[in-house]
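What follows is chain A paired twice: with chain B in the first complex and chain C in the second.
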Partner chain A sequence: MTARPVSARSFSRLGKAGILVLAGLFFVLPFAAMTRFALQNVQVIDLGWSTLFDKWSLDVFTNAFGNDFFLDSLVMSTKIAIGTVLLTLLLLVPTAVWVHLKLPRARAFVEFLTVLPYVIPAIGLVAGIIVVKPHVRWFISSDLSLIPFYVVLALPFTYRAIDTGLQSIDLKTLTEAARNLGAGWFRTLFTVIAPNLRSAIIASTFLTIAVVLGEFTIADVLLKRTFPAFMAEYRQSDPRGGYALAVLALGLTTLLFIVLAQLTRPRRRIDSIGTNTPRKT
Partner chain B sequence: MTGISFEQVAKSFGTTRALVDFDLDVEAGEFISLLGPSGCGKTTALRVAAGFESLDRGRVIVGGSDISPIPAHRRNMGMVFQSYSLFPNLDVRANIEFGLRTRRQSTTERRARVDEMLELVQLTDQAGRFAHQLSGGQQQRVALARALAIRPDVLLLDEPLSALDAQVRSSLRDEIRRIQAELGITTIFVTHDQEEALSISDRVGVMSNGRLEQIDTPESVYRRPATPFVARFVGRINEFPSLRLDARTVECAGRRLPVASSEGSGSRDVLILIRPEDLRIDDHGFDGSIVRSTFMGPVRTVEIRLDRLDRIVEVVEPCSADVRHPGERVRVSWPSSELLVEDV
Partner chain C sequence: MASAVSLPPNAGTPARAGVPVRRTSGRTWIGLVPFVAFLVLFLLVPAISVFRQALRDPDGSFGTRAFFEAIRGQNFEAFRFSITFSIGAALVGVVFGTLVAYAAHSVERPRAVKQLVTSFSGVAANMGGVPLAFMFLSLLGRQGILTKILDHFGWDLYAGDFGLGEVSGLVTIYSYFNIPLMILVILPAIEGSKSSWREACSSLGGNTFTYWRRIGLPVLMPSILGGFLLLFANSFSAYATAAQVTDNSKIVPLRIGFFLGGDVSIGEDAVGYALSAWMIIVMAVAMLLYWQLRRRSERWLQ
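Up next is the complex of A and B:
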């Protein structure tokens, strides 16, 4: 193999760096603009380079935090997030394990099913809710009724995380080894499979939380004052405060993903069949 | 101690018949190897015994009871897998302890048994390590200890050495045999490596197309193969096309030769199957010329093209014999110790 000329390599490196910078700007610029609008007490028309350091204040947060519904909405969203994470894991992990072990041919179909929430917009689900609402009013009236909808909405992300985790371990051998040693399915799932899916479960959890913290349409239709619904509502009375909360939510989600990246960073080499690569002796 | 029997076991995967009327009796305390090419059904037999595959027909008997309807986790079988199967989230001690926990043994009993097993596989100093901190050989020794810790009725070994390098493989093979003899546990060992099967087993079962072709002592399987398939699969073989003259005589390349056995359907065209070590290079026999001589350590294999048969045969000579050079003219004979006469 011949080495590429230095100039070509430099160009390639520069190209990669350029793409990264552009992508970073695409994310950071709107975030920065939103932060300025939210936290600078300056008329929008006056926002410019000359006022870059003027009148920064956290008062908007103080006001928002002081709102009667702020804490309630945050608590509700937290409850819903916990419920969604638990239901997702309880449903998804055994299902994905079963599909991998017993129905490997059905994997493509299951994958297709899990991406449907991408294809069918949330408003489609809302239309469905309106149809069934009169029949399940008892359920819809509960604050936690959003949980099943959020489980479905998060499926494209959560299933992929769990599926990738399962592909990275030798599921069949580990399962058979556990069963051979006397473990039933329950014990096998909780003491052997789940601990070895740690990264996938963490990823799935954070992705679910991100979905819960970002969903507005269904919560609004079902008249639930979740944190995103509160933000939208608050924005109408205090636009700067509403955007400040959006900055906060976005910042928290970003933080979650950084934590996720740290927690799921591989700490040892895993080979292609997912078992531990033996140490050479 | 308990034996295990397979009675008329049949198992298919779609249109592929993995086991066909499979019968096998393993005596209590016996070490049996199942040997055969890929897809012959040897691993399926093991998985049927472990309960990982259901039966289409037949029974598996352990200690006088039919265990076929019992699910895998309720059978008392110890299994060591081909791929490293240690639980990555548990250390060596916890891995060995796993089966004892599922059996709800007390902490004291568990600790004592794990210590005993660690000593048995000589890994006491590795108890706190995780799988990724062990070599392949050590991982398989832990897997063996884990399988034995539960005091299984039968130990099932599914090609446990195939992922290891030659040296580790050889030492672990000896260790498995030592431990098996020490504990007297009934063992079925699946392998496609004939040297492994012949060197470790009380009896060797050779399988082909889901059936047992022959089961006998390693020496009998090698020296007295029941079928041409066994003769060809176990060890190397030379084939001499011949004409059957009578039950004790064949004609090969114009020479009348005595044979020890010539049973068959009565076809005149036959193949004489002879091991390379049964052929001799001497002053009489078939003329030929050396094609290649390969040094193999203790022996040397010599390939010779026979003039009248126009085929290459292989002869094994001790490495102390004279070195043969390509093109050298020699004669090859056999001392009436053919393995088999096969009808063509």
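Up next is the complex of A and C:
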């Protein structure tokens, strides 16, 4: 009888390890498969023990980089990312500060507004953009018109990051001290509050960049050749090249999140449900 | 959630003239105007326009023809297919996400396992779009590497009705972001379960089964149901990934994209907007329920 609980425990430990290993395989294998296709020029049919390490090369990257639209799409996505980050911060930081300082009553209301993009997914939003397009053709025809919509798509993550940051500082004392020393609102916001929100601002910046680098739906329907749209299009003509670009994009995004975790470590923790809950586009 | 920062009492600070520290007056709402105006312009106006177009007859007057056309025939099939695989994907995500979260939580060594699972979930839950589809195309596509390996061992994956654009394939692909998302949702609830509950249960004569049936699962239930709804909504509205693995328009987001693409006759485009309207309705119902459940689950995590 005494032996039974022990064996049951070691069995359940084995089970847990098994689950974790299986999960690990599920998440690693697809990426490994894509990397192989991108970097190895051997048909699957010819793959075997003898050819397992044959013909690795980086020429897919040089081919893709040489494509006329590669640089254009990268430049466009970079411009959009910068614009989206700036607009997000300019819009959200003052609003969140205002809510914390003067309108704590409105917190639930503002939070509700910031999660509305969950309810209206990208494909629903772009349907609306198509409806209003004839009235504002001059605006939508510009590639940079994607910026405000990407601000909207990133809103659930970015507002949450800034809101959490504001909760962790003594905003009221900071503001009153700055005001008593004669600083105006503008100065208070930029030289006192913003530096104290460093990690929240970094977090929302990176989350915004991740959204811009990943968004496909709106760009696809509006026929804007952003980097993700180029990636999808490029695979049609060169599958290996498409996979290579995807490896690059995933590597970049993962790197972004690792840097983010490092920069914001002391204060960052998974709090309640819904932290970082993403939307799919 | 109450603010974590305790506000200093007003009594100690001599309020300067012009710095309102009293109750909110109507004027203070002005600070929200830029933000609200932005959302109205770039989110609400498009969303409302969708409904206006959906509720319009070919002659431009108000009518519900397109609105109900969007849930008939092929469109109905699209909704049925989308809802079916979204439920499947949510179920798989809930079960495996909970299992992995529980395993990661209770594995003591190596310590780094839990940290790794949490960090990775944060990244993978945000995964989606084009690269995700590419990963599974190269693993399980017709020329995929695992497909070929299985074929070598005599299992022809594509002999049956498997396909990356079918229920089986979409559930597999979407698990890549659904499982991590579920881990993020359920882990706080699992960690919030106190070991004293388990001790109380066993000192009252309960075994492991009793614990899970009477305490563990009921406490986790709001998080599990909430996670299910979140995962469902997530799968239901995904466009980018699906667009890479299937070009048929039998799932709702792709069908909307097809109608928006403009290859349809005048008057028919209203059906596209009606599909969008129905999709927003489905999302709204799922998310409303999710928020209700989330509030309930937060009660246990105080």
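The rule is simple: the second predicted complex is superposed on the first by the 230 of 281 C-alpha atoms of A that agree within 3 Å, B and C clash if a C-alpha of one lies under 4 Å from a C-alpha of the other, contacts with A are read in each partner's own complex, and residues count from 1 in each chain.
By our rule, a contact is a pair of C-beta atoms (placed from the backbone, for glycine too) under 8 Å apart; a residue touches a chain by one contact, two chains touch by 3 or more.
Since the structure is predicted, the reported quantities are computational estimates derived from the model, not experimental observations.
In the superposed model, A:Y234 lies in contact with neither chain B nor chain C.
In the superposition on chain A, A:G124 makes contact with chain C only, while chain B stays out of contact range.
By the document's definition of touching, neither partner reaches A:F70: not chain B, not chain C.
Within the superposed three-chain model, A:L181 lies in touch with chain B and out of touch with chain C [touch as defined at top].
When the shared chain is aligned, no partner comes close enough to touch A:F206: not chain B, not chain C. Annotation for chain A, partner touching more residues between chain B and chain C: C. Within the superposed three-chain model, A:F216 lies in touch with chain C and out of touch with chain B [touch as defined at top].
Once the two complexes are overlaid on the shared chain, A:P195 sits against chain B while remaining clear of chain C.
Legend: residue contacts after superposition of the two complexes on their common chain; A:T173 is shown touching both chain B and chain C.
For the contact definition in use here, the residues of chain A common to its chain B contact set and its chain C contact set are 169-170, 173, 176, 179-180, 273, 275-281. Interface residues of chain B, counted against chain A in their complex, comprise 50-52, 71-74, 77-79, 81, 83-89, 98-99, 102-103, 130-139, 143, 146-147, 150, 168.
Of all the residues in chain A, the ones that touch chain B in their complex are 169-170, 173-174, 176-184, 187, 191-192, 195-196, 198, 268-269, 273, 275-281. Those residues of chain A whose C-beta lies close enough to touch chain C in the complex are 13, 15-17, 19-20, 23, 26-27, 29-31, 33-34, 36-37, 44-45, 47, 91-92, 94-95, 98-100, 102-106, 110, 113, 115-132, 148-149, 151-152, 167-173, 176, 179-180, 210, 214-217, 220-221, 228, 231-232, 235, 242-243, 246-247, 249-250, 253-254, 257, 261, 270-281. Chain C contributes residues 1, 3-5, 7-8, 13, 16, 19-20, 24, 28-29, 31-32, 34-36, 38-39, 41-43, 45-50, 52-53, 96, 99-100, 102-104, 106-107, 113, 117-120, 122-131, 134-136, 138-139, 143-146, 148, 175-177, 179, 181, 184-185, 187-189, 223, 226-227, 230, 233-235, 237-241, 243-244, 253, 256-257, 260-261, 272-273, 276, 279-280, 283-284, 287, 294, 297-298, 301 to its touches with chain A in the complex.
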